[in-house]
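Labels run A, B, C, D and E following the written order; every chain starts at residue 1.
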């Protein structure tokens, strides 16, 4: 368990966070420069917060109020496993020596290191120095070195960023397994939504040194409570409208002449609200079939203006036609109104292409009004 | 040396080293149980060491000045001091020189550009050179030409290498170098006698042997060896 | 006759280098890692023996280790004599070569990537272990350069040595002193021979260090 | 244009590749330690190949045969833009100085650097030193520094790995734009399938120092020609079966008692073949509707044994029931037979969960027989 | 009386340091970057002046720069006299402090991360630019340490200087010589005063270097 309430100023950057990590993996998600690495460094003791409190497994490792330091356990006694963003491998030690470093007095060190080398698929590289390794191999050594010490807390700063999907997924499974067995409190920084989802129990969106939102991963993805949170989790379509009315299931929002239903009941009639929908939740309606009941609402028509293939899925960018028949608003800088993501097979089946006119449904249950959860 | 041996530490001016090595051989022949240990350096260095309590039994200085200081400070065994040798000041020139001065007076000639002397502040030979030049009324005139060597050997080296046109050194120094020529000796009376004093140092554990060593140097045999290296008898 | 001063020189230089290695390294570490008032003063004082002529350093050393010096009473009480022994020569060498070791090592220690030291700390190493395991190994080039310079300087030390150790053949006459004596007594043949031997020996030592450094110690690691 | 035929031995690793890059982005894809960075370094001139030939825009920059070097243009005259995997920012220079370094004699350097700083969203950081930057900020400086020199060739070694999706996509668009305008030959190393797809024109799968497959990205993704290529591109389901027969549209393969149709016509009857299908191409059949004609073939039934949420999509792991009614083969180590990926809304709509029995279709057109293209 | 030697000492040390900086740095670069047969020999020869007693170095220098030495004819032809001038003192200082500069800078240059040099090359810099823009700036701590050591050694140089520069009052009498004279003549009061001045001057110089290094040059960069 990590309990963290700290303030820290570095240059003109201010970190001010309050986090609890149970025996779980908490993913730190957020834009570059948001303060994620800074948080990890504070927990590790590599940076000293200006004030606040850090407790690990109930033990107070740092405490300071108003500039007066009460307690600051040195780094080496915090028993943390830290994978640095830049690896920080010891250049004068071999792979084996790097990994064994933290457990060199341990009677079972041989087995422990060998086990790690197998897990991390580093067999045959034991005698190499770090400059003789590829980027991904270095990253795996860094992982092995941090995990082998059996820490009580794991701090992982993009530990899989240089790894291919196959190795990455295997190592993630290993990590999940290990974490589950030992119940390690883990702070995990990543930029990859998939990684975040695969590994994380909960998710914290960090932005400009503050926590934008924290909660279960589903919550954060589906119900962002701020525009920033919505943006960082990949909710591409964020709009502003006015609540016109409500029924027992939610509200209806007026947006550019359209009436859009949302299942969120948070906002009162007449209020201006931001609402959003993830690209993969926008459904294309087929001309040949009547719309299914759950999709019959929130229908918009538009033209595909751009498309980007992204491997298994394809992103389509739609310019919608206004309800009064004119096309788009002049004031919008971007050339599209909606971004949607389709599986490739759907795209092929529907014979879509740039220029084609389509009708889409912004699924009511996925149309989320941004704001504090009701 | 073995345990039964009597060791005698003799601090001697480095200019004495050649002669003293031979004296050591002779002395040890006559005193089989004794072992002479030399410490050769500039007299000033030796003096400083003795002042700071170096375990020295006998001090043979190249100048009276250092011995005087030690005597004043009561570091000598009273009555052990004796003058054991004298030296002369000579004018030397490079061996292959053509325009060299033939005597001290010629040092003022314009073709003599550089004259190597010991630094009068530090080197005894330098002090005597100053006396000679002052006495001859040349000191002020040759001031500009002087190169102050830090020891006599250095002055000698300059002359050997013809970096200077002449040098003023001890007669004994001039003798050891084959590439210099003695142009002239200092006129009698142009400097105080150059006296080499020797004495037993207070606190010596081998005072008796030390006295015997000094006696040996003052003996005919000792004096003979010194004279072989160009020194004049201690008491004229 | 020639082997004796050579042996003595090597002995003195080795002892002095060992002392300088330990003291200099500790000083370098403190100066590189700690911040304290007067740090600048300490740093300057350490460099001072380089600025003063060795003879002068020797002169001041005489005041310390001489029988009538500062440590005189202590030395007398313990029946230890330092002046006119090879130990005095080693001390003199050590004092004059200390600045070389300190300055060179300090720079090397300061240049170690701090994130590696951080990594070692997260792996459970307290400061002294970080120092031994990471900082020093990664500064080894600089430290070795300091040791080489200190050893060379120790081998060639003359002025301070003459002052405190004397020029006693077979006891404290190191190679530089032997060369000095030979030059002073105009035994130029002997002097040249001694210089040649000194050159050859230094050459062999330095060459071995270079080789060792290139071929073995730094073989693979950056 | 880059023309590359080289051999290089580093330690016991052997690189042996033959590549042509037109004015396009060629993605190098492959497992960690495959030799991707080594290829870039050879092109840049930072490593000297043992033998071979490298030409950039028709200019021969390297040529050596049998150990005899004929030509080796020094690095600084190759006019390449290289973004290093470890950034390699100059620690003694500020962000501005780092970026301006390559163009410091250029009369327009001010504008060029300012433009880059805006593009890379580095405004306000101009006077910072690299150790005062976050990982992602460092990476962007590295990108800016390499791009500002307007190189004739771009070598990008995972240039976006430390960036969040939003910045990453913006920069990718910028890069695409720039590349398109200048027609730069670009070698782009990434581990991210999405990035590869978004940016790449063609794709080269590198494995153990060799090119496993090279071709258009669609080709490589949909028609891997080797098991390794299939694996690295994320084609999770790779099986071995026997060709039983064929019709005009393809072949039928016998696999564990099932008859599976594939559109590939490559293999002859009776031959053993490997075949594969991507997880997102496996369709769940709905009990309430008759299977559509294109999905009526290749039906398998199985039980969901595991599921992993991966953000917008969910991975399901299926244990299929053998055609004779028994469940699975004992010899298989993994606990599932098929991996499939569903969009979340489908998953929710079908009310799937672990333990549920489902029928799936391995879409004929997506079932690909591995082997040289016909 | 005191200002004259001080001024001379600073002049000699500065000139010598400038020369050592240029020559030493070039040597260090060549030794760190190039591989050629006999490199080890060169490296060892460069270190040699440290091993030989300065007086002996001076003695050999006489053979080179003396009017009748190796360079004699050249010097005679050009009407340049070196021996017995402050230039000779500077040369002597330079020779004995060269090893300090070379060794220290070499280590610093070798320790620069090669990937930064590679990066500079990809950005269009030929080798010499890489050197000026990346290698040397990143070795500046080590180079500065070398310069400080060389300057300090030059300030304190005495043995070799004496030999080739002579001790011509007001012309080539540097501080160390003045101190030496004072010590030799047992004028300890004067000697102490001179040492104090020397200490204060070195202190000011070293302190300024330290400050400059910390506050300005190394302010932010690692």
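As a convention for this text, a contact is a pair of C-beta atoms (placed from the backbone, for glycine too) under 8 Å apart; a residue touches a chain by one contact, two chains touch by 3 or more.
Since the structure is predicted, the reported quantities are computational estimates derived from the model, not experimental observations.
For subunit B and subunit C, which third chains touch each of them?
A chain counts here if it touches both subunit B and subunit C, which gives E.
Considering only mean CA positions as chain centres, point out the chain farthest from subunit A.
Result for the farthest chain: B.
When the C-alpha atoms of subunit B and subunit D are each averaged to a single point, how far apart are the two points in Å?
It comes to 90 Å between the two C-alpha centres.
Return the distance between the CA-based centres of subunit C and subunit D, expressed in whole Å.
The mean C-alpha positions of subunit C and subunit D differ by 58 Å.
Compute the distance, rounded to whole Å, between the mean C-alpha positions of subunit C and subunit E.
19
Hunt down the residues of subunit A that sit against at least two other chains at once, touch-wise.
In subunit A, residues 86, 132 touch at least two other chains, as defined above.
Considering subunit E alone, which of its residues make contact with at least two other chains?
Those would be 59, 113, 177, 180, 183, 222.
Which subunit B residues sit where two or more other chains touch them?
Subunit B, residues with two or more chain partners: 45, 48.
Every touching chain pair, please?
A-C, A-D, B-C, B-E, C-E, D-E
Along subunit E, where are the residues that touch subunit C in the complex?
Interface residues on subunit E, with respect to subunit C: 40-41, 43-45, 47-48, 50-56, 59-60, 99-100, 103-104, 106-108, 110-111, 113-114, 141-142, 144-145, 148-149, 152-153, 155-159, 176-177, 179-180, 183, 191, 195, 198-199, 202-203, 206-207, 210-211, 222.
For subunit C, which residues are in contact with subunit A within the complex?
113, 115-116, 118-127, 129, 133-134, 137-138, 220-222
Could you list, by residue number, the parts of subunit D that touch subunit A in their complex?
Interface residues on subunit D, with respect to subunit A: 11, 29-34, 36-37, 85-86, 128, 132-137, 139-140, 157-158, 161-168, 191-194, 196-198, 217-218, 221, 231-232, 234, 278-281, 283, 308-313, 341, 343-345, 363, 366.
In their shared complex, at which residues does subunit D touch subunit E?
Residues 44-46, 74-82, 84, 86, 88-93, 101-102, 129, 131-132, 145-146, 149.
Help me check something: in the complex, which residues belonging to subunit B touch subunit E?
42, 44-45, 47-48, 69, 114, 116, 119, 121-122, 146-150, 154, 157-158, 161-163
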